[in-house]
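Just so it is clear, A, B, C and D label the chains in written order, and each chain counts residues from 1 on its own.
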Amino acid sequence: MDQDQKQQILNRLNIIEGHIRGVKRMVEEDAYCIDVLNQTRAIAQALVKLDALILNRHLHSCVITAIRSEDVGERERVIAELMQVFERIH
Amino acid sequence: MDQDQKQQILNRLNIIEGHIRGVKRMVEEDAYCIDVLNQTRAIAQALVKLDALILNRHLHSCVITAIRSEDVGERERVIAELMQVFERIH
Amino acid sequence: MDQDQKQQILNRLNIIEGHIRGVKRMVEEDAYCIDVLNQTRAIAQALVKLDALILNRHLHSCVITAIRSEDVGERERVIAELMQVFERIH
Amino acid sequence: MDQDQKQQILNRLNIIEGHIRGVKRMVEEDAYCIDVLNQTRAIAQALVKLDALILNRHLHSCVITAIRSEDVGERERVIAELMQVFERIH
């Protein structure tokens, strides 16, 4: 992964971490349940966007390299991993 | 929300925050994309379990109170909120 | 459930059934995989909208009746069912 | 897609179609909302398994062919499509 992409992913993780701390403050101050749920759902969506960034990078690097190699085992390995990502999302 | 439930929710938020910091270290140390995705999916599942805890609490307190009240507007409000939670999950 | 709502739900189920038959024709005619996936995802979204309709109806009928009754066991039963719906969605 | 895989996908679509008809009967006979929701969620899960089958096939055929070709535009196209599948799932 190049430095820019790495920094972009770290920035998003920092924002998500700050968001979690915000939810902790809401709970400590007895915020309304539904308002808390709205924030946790927003964090879940931010995680999905982070995953899309990581997956896009993965497809453009490791997956292309493995599929273009002559090593059939390598190809099968990256495809099996993609299927696991797909299944874990649901 | 009683103090025990509040503390349980805060404990889970602390665990999720620690998990996010762990993912940051993985990215800094150039961990394999798929390993990072496995961790972010585990965090997403921990958020869903946290949501279930908050929702269960909400149903047993605010929802029961509102539905048992004679204020039809209040009843409609809590039901509309539940529908929003349901729709936001997908 | 009143007759209008019942008919609305049946109409949606008929539309979904027709959509499934459309996907079968696509597969028989060797349509491109991604085009088939786009259709199956559209069906999944139609199912979610159908679920929202059924759940909204359920909240306004059975849930209100059970929570307003004096039978605590009944209240607990409808809340436990709602939690199962929530958990099954993910 | 070879004939066996095509038949496997068509069989699953037939099962899903039958399942939809079963839900229609339940609604016509005024089944309990939660029982209907359990069946629609089971259909949604059957659709996800069908998608996994189609996606796995797609990765082993079109994606490998496109990525191993010398046409960079083709590679980008299949990767963009995979990202759309990923994003549509959520």
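By our rule, a contact is a pair of C-beta atoms (placed from the backbone, for glycine too) under 8 Å apart; a residue touches a chain by one contact, two chains touch by 3 or more.
Remember, predicted model here, so these are calculated numbers, not experimental data.
A.B. asks: What are the chains that chain B and chain C both touch?
C.D. replies: Expected: no chain.
A.B. asks: Taking touch as defined above, what minimum step count separates chain A and chain C?
C.D. replies: Counted as steps through touching chains, the separation is 2.
A.B. asks: Call it same or different for chain A and chain D: same when shared residue numbers make up over half of all numbers used at their interface.
C.D. replies: Because over half of the interface numbers appear in both copies, chain D and chain A meet with the same residues.
A.B. asks: Between chain B and chain D, what is the separation of their C-alpha centroids in Å?
C.D. replies: So the centroids are 29 Å from each other.
A.B. asks: Just curious, how far off is chain D from chain A if you go by their C-alpha centres, in Å?
C.D. replies: 23
A.B. asks: Once you find the CA centre of chain A and the CA centre of chain B, what distance in Å lies between them?
C.D. replies: Here the centre of chain B sits 18 Å away from the centre of chain A.
A.B. asks: Please output the residue numbers of chain D that touch at least 2 other chains, ranges allowed.
C.D. replies: Residue numbers touching two or more other chains: 48, 51, 55, 85, 89.
A.B. asks: Which of line, ring, star, complete and other names the graph you get from chains that touch?
C.D. replies: Topology of the interface graph: a ring, with each chain touching two neighbours.
A.B. asks: For this entry, which pairs of chains touch?
C.D. replies: A-B, A-D, B-C, C-D
A.B. asks: Per the contact definition, I'd like the list of chain C residues that touch chain B in the complex.
C.D. replies: Touching chain B from chain C are residues 48, 51-52, 55-56, 59-60, 63-64, 67-68, 75, 79, 82-83, 85-87, 89-90.
A.B. asks: Provide the residue numbers of chain B that touch chain A in the complex, in ascending order.
C.D. replies: 1, 6, 9-10, 13-14, 16-17, 20-21, 23-24, 27-28, 30, 32-34, 36-38, 40-41, 43-44, 47-48, 50-51, 54-55, 57-58, 61-62, 81, 84-85, 88-89
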